[in-house]
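As written, the chain order gives the labels A, B, C, D, E and F, with residue 1 at the start of each chain.
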Amino acid sequence: MRPNTLRRLKAEGKPIVNAWLSIGAPYAAEAIAHQGFDAATIDCQHGMIGFDTAIAMLQAVSSTPAIPMVRPSGLAPAEIMRFLDAGSYGVICPMISTADDAARLVAACRYPPKGVRSFGPARGMLYGGADYLDHANDEILVLAMIETREGLDNLDTILDVEGLDGIYVGPNDLGLALGHRPLNEPEDGPVAEAIEHVRAATNVRGLISGIFCSNGTAAAMRVAQGFDLVTPGNDAALLRATMADAVKATRR
Amino acid sequence: MRPNTLRRLKAEGKPIVNAWLSIGAPYAAEAIAHQGFDAATIDCQHGMIGFDTAIAMLQAVSSTPAIPMVRPSGLAPAEIMRFLDAGSYGVICPMISTADDAARLVAACRYPPKGVRSFGPARGMLYGGADYLDHANDEILVLAMIETREGLDNLDTILDVEGLDGIYVGPNDLGLALGHRPLNEPEDGPVAEAIEHVRAATNVRGLISGIFCSNGTAAAMRVAQGFDLVTPGNDAALLRATMADAVKATRR
Amino acid sequence: MRPNTLRRLKAEGKPIVNAWLSIGAPYAAEAIAHQGFDAATIDCQHGMIGFDTAIAMLQAVSSTPAIPMVRPSGLAPAEIMRFLDAGSYGVICPMISTADDAARLVAACRYPPKGVRSFGPARGMLYGGADYLDHANDEILVLAMIETREGLDNLDTILDVEGLDGIYVGPNDLGLALGHRPLNEPEDGPVAEAIEHVRAATNVRGLISGIFCSNGTAAAMRVAQGFDLVTPGNDAALLRATMADAVKATRR
Amino acid sequence: MRPNTLRRLKAEGKPIVNAWLSIGAPYAAEAIAHQGFDAATIDCQHGMIGFDTAIAMLQAVSSTPAIPMVRPSGLAPAEIMRFLDAGSYGVICPMISTADDAARLVAACRYPPKGVRSFGPARGMLYGGADYLDHANDEILVLAMIETREGLDNLDTILDVEGLDGIYVGPNDLGLALGHRPLNEPEDGPVAEAIEHVRAATNVRGLISGIFCSNGTAAAMRVAQGFDLVTPGNDAALLRATMADAVKATRR
Amino acid sequence: MRPNTLRRLKAEGKPIVNAWLSIGAPYAAEAIAHQGFDAATIDCQHGMIGFDTAIAMLQAVSSTPAIPMVRPSGLAPAEIMRFLDAGSYGVICPMISTADDAARLVAACRYPPKGVRSFGPARGMLYGGADYLDHANDEILVLAMIETREGLDNLDTILDVEGLDGIYVGPNDLGLALGHRPLNEPEDGPVAEAIEHVRAATNVRGLISGIFCSNGTAAAMRVAQGFDLVTPGNDAALLRATMADAVKATRR
Amino acid sequence: MRPNTLRRLKAEGKPIVNAWLSIGAPYAAEAIAHQGFDAATIDCQHGMIGFDTAIAMLQAVSSTPAIPMVRPSGLAPAEIMRFLDAGSYGVICPMISTADDAARLVAACRYPPKGVRSFGPARGMLYGGADYLDHANDEILVLAMIETREGLDNLDTILDVEGLDGIYVGPNDLGLALGHRPLNEPEDGPVAEAIEHVRAATNVRGLISGIFCSNGTAAAMRVAQGFDLVTPGNDAALLRATMADAVKATRR
């Protein structure tokens, strides 16, 4: 099976730079995934992407060096299994609030006896290889999003769930949950502290700590902070910004 | 009929800032067209966009302040009529090399007796209004791309074609045609001179002079040069650049 | 944020005329939404519409004066959040049977602390505006379908759920649930009485009462009865009928 | 090969009632084609329909009693062959102005030695049957649209083209071409006379005379006039009208 | 309502040969369904097929003699109802493990009072007919997949659920669940015994016993064993095999 | 630029085994292209594939070892340039009948000064690399289909066209053109002789000789005959055959 290079990067202590794909366009996905990213995550929660388009985007990313991952719409095992079958090499699952949530997430991503994933990998075998079944449980990355107050409260038991590969902080939702405006990089205060707390607890266990960031500068700061996997902005926001800049420069 | 605001901008001597859409994604089109552009052109020549997607992109742009235009795959009257029917308010036609080309282009965009456009506007009437037929010949913008040696040679007779609203320079193809590497903003030399020649000949007749530019800075330079309609970069190139920058900033 | 004009119509005591879109076609959606409707609801329960198509239809409706709404496939919070992110300004949720159902529906449509909606509005910010987050909780309309016996039994506690904006009667399912054939406008009898009971209880609380109707004549009758929001037929049924009429008139 | 029932209807002197499909939606196509039509024509000239959608619509129509036909974007042999390969049982080709046009149209629709159609029917063999090649030249219907002044002038030589099955009048374009406003059913005058002239010349040769009509009442009038194939309105226009009526009845 | 011919085949003791469609392509679906199958099941669990594509595939199958069925992504009532509305004449539901699961599955497929299916059949009425509501509860086939250890343990109570039409064995998942490698046709041993046990218990009650098989030879063996409904391989696997064979034969 | 491995195979005297893709499905394309083929050609002439789908199929093939090629609908320069922009590494153009046809085909595939290809490679640069412009004229493969009597008559002048890389025989159309039933592998006789004549004339010039074949056995025969590039059957035909076999084996 094609190895999941993200595990190697973690083992080597190198940062994983992850693209965030919310535009439903295989061409955009392919163009982005060629820009030096280690991974590219198709956002099927807040992205404007249906299942048919997500498959095409997974194919597009598969022609690049980036490892394809998916954020499903929620903790929906049948949906998660479909994305894995379609060739996703990782899952970033939103709104994991309890150890039971995390256990259900892991189970959805692992074949028996480690989980309850149904067999029928389809495109997964094309991307991964004929021996997909033998290695998928070891290669597929499972990350739980910590972005609710409950998730924060249950962090330790979540991290103790066997088979979970790490967490991914959603700073916006976490901020909202703690009673603040959503901000990717909050200044000092309870949200910033919560983020650091999540990271430290994750890394101390040797698990992958990931986080969404506003842009490359912020992502570099998060790497310096110790995060393993960073997302330097989402495609639509960066596209809007660069286009608005182009208009401004034209009209200056 | 909804007025084509690009004509008003030209009349007022204000620059027309045009977005270039080559990513086949209505969401990207809508996001871009909201960033302050006066127009947004769906590129069906070099863009990764089939007809079904182009229709959806025209609808997406129609929900923004930008005027929707299309670049067809070539001087193909039936195709051009389809884009107009689908609600495009302008056509930027590639590779116009002779007055006859230009005349066929104009004819495709005008109802009899001014042209040979077939009646059946479909979406055009939704976007334009119920009186579309009465005003379409006056509102739809027809721009001929000058980007071949022959087009350059025939510039005057092309510009004399009744009903043509202006030209749009394709600096890349023009450079190639003149034996140079494709560059959007060539330094001094024959290509730069040719571009200026085209602009001057167009503007002196009161027609719209348009040009593709690498980015906002270049577009501002072209406006200063006297161009009426400028395109500050294409969506895919700007997206790739901003994404590559994000990776670099992360890994710095 | 772009105001939800449906709230103003309710406040002014004017009927809200809502189009029902079950054909998976952005062009049909746009054509219909231009015919004088105040709102247009994309039916993702019984309509032939996947998520990719629904996004395109939301874009199409956004270019018209009608307010875009969606009926999700059921009380599925992750799905509902996706439609809101995609720019829906209202949700008509099927099969709400208990106050708990209604509370979960409301929570899915409201950001914390009023609910659990995850932040990441995407297209919603294009349609709604940059200050979407500040006003979405106030502008998005949340309507619960009353169409089960249990929903009828629990009507009062459902209507008491904080944040619910109103109800929408599904006369067909309600009739079936009560042991009758599905009819949009049942004659006197228990189903007609149940419908009037729902309306009265809703209106007395100042909430929006909505209902699906067979056609314009029936909708006018429902307005006269006191309903606030009426749907004069669904697109596919009206299209079939007008086409069958055309054949009959031809062959007469 | 599945027989083309439209030929039988002509032979029996029965009117052919044809649906006009301009909405790019297989579900709408299927719903309409079930309403009693003998044929259903997918409009790829003025309809909002790309090739991918057209294939799906041909499949949808194939599940109904109506014979699937296509109007291509113009006299484009390669495009016409693709629609035939995709299972279209007839072609209504726009803007046929000369005998040479008509001959090229016929050639595109017939295998050698009668024409130049390339072999590779694909879906055509699924819909038509395994012996498609043996009978396609006899079953596929080829209709030339008469809607230009030149086409009118060359009517006799057009009708004399071997293999042409008939004509289809486009009253709107014909009116425009003759210097009048486009009208489907012009009152007495040169356009009305031209239409009758075309019909008579066609029918006297035993060929099929077809025409687009505003609605069923107009279509019945055309049948009474002697037309063989009538189209009682287009889907989008009828849908808009029935929806506008529904709004009006609601607000009455 | 168009009768579900699969019921008649069962009544006559004839095997039901079912195609398995995992390629998201209406053309492939139509081509396959014309090859002599009694049924064709669109796999929305492990297949690469979103809802928009599934609708188009249902339309494509509807133009063939095969009865269209769907495997949903899981026991998701809202999703199942959508497929039925879209014209599926049967449901093969994965991972039914308890009588309660089976009861919820049946309820999703039956209108009140037999179930909780919501009324609004849409395409179902086009394929089934205008009297769909009167007969759908009797015609739609409901099959529960037995493929977990729990499902095996609860087999008898599952089979006793009123309204269940039969079962469908998923040998791969069943093998995995029992601690073996997934195999469609395991040799003697506990999985083979479990499969036979499921078949016998199903058939003794007069219900339909179905099973997935590797290919036609294996399917014939299953028919000989007593299975009522067999699937001789899935489309993608057979396509891959025949293509690999073609390459090998070329390079021999 | 990523090298076109097909040129190397020719140089090494190794046969090029080419897949034929007529099913409009990226998943099928990807699955097939993984089965050991050197190239995979997307058939946009007789295949059921629109431009939007063709792009997705090019992306899918790009994730496999096979070189992506396209057969356009005809000798349509604008269309051919679009496929090249979309990342096709070769063109197999139907119905080349004269040296002028061949010259126009070559010109469409080569940038100035060797041709008239317009610059704007889009996806081509993603698949090919940043230096695409420098090498595309050397890497892109241009093959002319010889399948008309005129093409046969003009074979020598066609082969003499500078820049043409070879030919591809369409035995079906060639047979029809010569007055025979279409057969991929005609027995002795004029069509078989014509095929051998084309091959010999092509190979003697050192150009690539290609041909469509019924299956792998026939392809091996063609390789033995001296053909450089062979297509062992088309996807839809092989899929139908393997499915029909599966049904027969089941019902035996």
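Observations
In the analysis below, a contact is a pair of C-beta atoms (placed from the backbone, for glycine too) under 8 Å apart; a residue touches a chain by one contact, two chains touch by 3 or more.
Every value quoted in this text rests on a predicted model; they were computed, and no experiment measured them.
Here the chain-to-chain distance from chain A to chain E, counted in touching steps, is 1. Where chain E touches chain F, over half of the residue numbers in use are shared by the two copies, so each contributes mostly the same positions.
Chain D is reached from chain A by a rotation of 180°, derived from superposing Cα atoms (nearest 5).
In this assembly, the C-alpha centroid of chain D lies 34 Å from the C-alpha centroid of chain F. A straight line joining the Cα centres of chain B and chain E is 52 Å long.
Of all residues in chain F, those touching 2 or more other chains are 24, 27, 31, 34, 48, 50-53, 55, 122-123, 236, listed in ascending order.
Because contacts link the chains in a way that matches no line, ring, star or complete pattern, their graph is best described as other. Contact between chains, per the stated criterion, is found for A-B, A-C, A-E, A-F, B-C, B-D, B-F, C-D, C-E, D-E, D-F, E-F.
Chain contact summary for the complex, chain A toward chain C: residues 22, 24, 45-53, 73-74, 76, 94-95, 147, 170, 172-173, 176-177, 179, 181-182, 236. For chain E in complex with chain D, the touching residues are 26-27, 30-31, 34, 55-56, 59-60, 62-64, 122-123, 126-127.
Listing the residues of chain A that touch chain B in their complex gives 15, 17, 19, 23-25, 27-28, 31-32, 34-37, 48, 215-217, 219-220, 223, 230, 232-233, 235-236, 238-252.
Within the complex, the chain B residues that touch chain D are 50-55, 77-79, 81-82, 85-86, 111-113, 116, 118-123, 133.
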